[in-house]
Amino acid sequence: MSRGDIPQRFFAARGRGTLGQGGSFIEAWFPQPVEVDAETAQSEGTGTWVTGRLDRLDRPGPSPRRIDDAGRDLRERTGAGLPEGFECSLLCLIDTAAAPASVEDAYLRLHLLSLRLARPHEVCLDGMFTLMPMLCWTSAGPVEPNRLEALRSQVRSRGEWLRVWSVDRFPPMTDYVVPPGVRIADTARVRLGAHLGEGTTVMHEGFINFNAGTLGTAMIEGRISAGVVVGEDSDLGGGASTMGTLSGGNDVVISVGRRCLLGANSGLGIPLGDGCTVEAGLYLTAAAKVEVLDDSGALLRTVKAAELAGADNLLYIRNSLTGAIQARPNRRVIDLNPEIHINE
Amino acid sequence: MSRGDIPQRFFAARGRGTLGQGGSFIEAWFPQPVEVDAETAQSEGTGTWVTGRLDRLDRPGPSPRRIDDAGRDLRERTGAGLPEGFECSLLCLIDTAAAPASVEDAYLRLHLLSLRLARPHEVCLDGMFTLMPMLCWTSAGPVEPNRLEALRSQVRSRGEWLRVWSVDRFPPMTDYVVPPGVRIADTARVRLGAHLGEGTTVMHEGFINFNAGTLGTAMIEGRISAGVVVGEDSDLGGGASTMGTLSGGNDVVISVGRRCLLGANSGLGIPLGDGCTVEAGLYLTAAAKVEVLDDSGALLRTVKAAELAGADNLLYIRNSLTGAIQARPNRRVIDLNPEIHINE
Amino acid sequence: MSRGDIPQRFFAARGRGTLGQGGSFIEAWFPQPVEVDAETAQSEGTGTWVTGRLDRLDRPGPSPRRIDDAGRDLRERTGAGLPEGFECSLLCLIDTAAAPASVEDAYLRLHLLSLRLARPHEVCLDGMFTLMPMLCWTSAGPVEPNRLEALRSQVRSRGEWLRVWSVDRFPPMTDYVVPPGVRIADTARVRLGAHLGEGTTVMHEGFINFNAGTLGTAMIEGRISAGVVVGEDSDLGGGASTMGTLSGGNDVVISVGRRCLLGANSGLGIPLGDGCTVEAGLYLTAAAKVEVLDDSGALLRTVKAAELAGADNLLYIRNSLTGAIQARPNRRVIDLNPEIHINE
């Protein structure tokens, strides 16, 4: 994700955010970001404005207070010393080609991806891991980890129960965004910043990381790692794995073309072109040697899987008698079942 | 699932349902359906009656208002124009051999399966996918997707947090039914319409789709796809996959007999008889060629796995030196650990 | 887990618990257990004291009432006949080398593991499965299964929704404990009694059972079965499986050393030493025959995988042309990405 490849666009969004113990935002929700032209953006400058108290969201005071790009000293700048846990409304203006400058800026970038205002790799996310604070996502709202046990004690004292569904830097997408035309059977498995094309179904075993996802209709019962993009009309079977770049040391960004099928419990370590199938249970790593066969089954050559990166219309199997991984022309490109893919 | 094979039975149930924007039910809960005889059912006719407001559930008004099978125009027929989101009590009478005629009818069918009043494949579910509405399942109850963001804004304005745990046509089973004698470690992975036999444990990696499930004691740490049935005393290891018929183009309904073990990360593309084991990590697709060995390890013949469909007492492995998939007599049929299978 | 190997230590903890229909505790929360010396512990004796009503937690009455080790007849002993569902405060004193004697005792043991006061296998858990009651974990708190439907009806009558996230003997850890310095993307997949070392990240596909876990920094995207321990700086890839001892009949306790990598969708049936890698998609069962190669790729010998138990610095692959499982010196020991492993 080099910045040079990322188009410069500007987005502004009103939102609501929670202030943490340090006096800066620890999370923010932006329901309707809008793109603004470069001239306007550059005259205003990127950054965050605190536009009023939450209960006055529609009547912002006469002089919204600007805070700087770093967003570190909101408490000081807002003068009144907004208390921790206080939720206030804010306005955020960002440059997609620049690195995120504050927590709220980072949250807005993730919203752009999940709201389909940008595709994976079109927003600069440099430094996200250290910027996004660790939070506990609870039935009483997000809370900083060092405050959790006091909150649990309070809640339990009232005879209620505190549920904590995630302890993470990245929240579940549906805590903020549910894009139209998708199904997500178990929302715990889709992070904010995932890009779900219209017509995408994420089944219970599916998973989509941030800055990754689908571009159109898709059946996702496997795992889409950070950075991985899946083309239209493709199907990731249950438990199918795509190698990511965050861990494991792989440098090549994996992608899946259109009308591809990754069989159940299969895995993918190379980018696939269109119309490819990986047999159920086969993990195709980049370093694996693959026998390339013609349509009649005759051996053409043996290559590393990495050399087949991006090739179209191939069927990958492990020969069930010889144990060799083989690639051959794919005779049977999948059709997604239209009945289960209308997500209206 | 051809209708011809489905026995005609009639069930009636009182329940509670939520009305959507279109004025018809978007979901319904039926805690105690009862079977009724054919004569009674046919004199009454199948359909839905709105029996009163929720707060008068036990004192239905003198003239319950009938709505038609299509259930589409509840608002008109109930005269008073029940408001969206209004929850009212209803009575539903259905014929299991006929296709579902309304949302509430479809929900009642799924309840029958999860309450063990019918087994998988014993209730006609034709057209379910288009009938069941997409809903967001939230901490504030089920809501139609186009109303979600307004609800989130409301809830967040009150200083509370809206959790959305599923965006789907099929709800989690435990939002409606928890049958006796089961454990379900992570309820997000069992859909309403799943059939869990008494003594079934679904671990965190287990999954059971609707119209599928177990018939008795079972340890489920793998995935039971739609239509798949698992016999008593069988064990699906962590991440084990069973091929479904909804996607992937497989026509044969997969099933697992009694006392079978699917090893962790294995997969199954053929029906298994009783007493079979599939080695951990082996995906047995129907098209795979399999070496059939005798008890001494001598090769008897080589067949397609599909030809072994339904055979009892076979052990399937991939030979770790030759890479060939092999079937041989299964010497060691599993015993489930009784201590962890008493779900009382 | 033989008692003889478990060091005798004593812990005392104040907590809060819920009383069930039988008049004894069905669950208990202990935020801050403390170790006590043997002399004190033995003069007091192990057991449970009910120290007061919840609303008087900080002002225990003059005569805390002792209950016996079995904890079965709390109702009788507390005299006043505490009502079901009543939450009261308690004090519990246990001996880690003795078998758990009551539900609250069992809960305290699981807290010790998750709070890092004891490591896996350092607390006697004999008889846990039959001791821990089945509960439904709901948005209205834990409830015994036979009370669930009445509760659901009540909640739904109020226009609210009851969420049931687990039906199990063991609760999700984060309902009780969130240790410092960890990330847990989907908390439904970590049981109370899991031991997460500081710097551990459990991704969405990760899972950790009780009496199992990590000892330091680790990336867990696979499944850590009961009893399995993973050393520092190791990485379990997405969907990776470790064989447990509760089911499957395996007698050897699996463990993973330091700086190991289990590739995505791989599996492990033997203990690994330090610096080992199992290739993505390879399930290494104990019975598999493995070709052991030298650094140049020459075959040294063929052995059962079980004979390689505990060996350091090995790379396990399945040869993609011959289908044979092979072990060779591991040239490329992993480094965890430090940016994503700072969980502060």
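By letter and in written order, the chains are A, B and C; residue numbering begins at 1 in each of them.
Assume a contact is a pair of C-beta atoms (placed from the backbone, for glycine too) under 8 Å apart; a residue touches a chain by one contact, two chains touch by 3 or more.
Note that this is a predicted model, so its numbers are computed, not measured.
A rotation of 120° superposes the C-alpha trace of chain B on that of chain C, rounded to the nearest 5.
Two copies of one chain, chain A and chain B, form a contact in which under half of the residue numbers belong to both partners. Per-chain Cα centroids separate chain A from chain B by 29 Å.
Shown for chain C are the residues in touch with two or more other chains, namely 139, 163, 165, 188, 239, 265, 281-282, 318-319, 322-324.
By the touch criterion stated above, chain B contacts chain C in their complex at residues 16, 29, 31, 54-55, 87, 138-142, 163, 165, 174-175, 178, 180, 182-188, 204-205, 219, 235, 237-239, 261, 263-265, 279-282, 318-324, 332, 334, 336-337, 339-340, 342-344.
Within the complex, the chain C residues that touch chain B are 129-130, 134, 136, 139, 145-146, 148-149, 152-153, 156-157, 159-170, 188-189, 191, 207, 223, 225, 239, 241, 243, 246-249, 265-267, 269, 281-283, 285, 288-291, 302, 318-319, 322-325.
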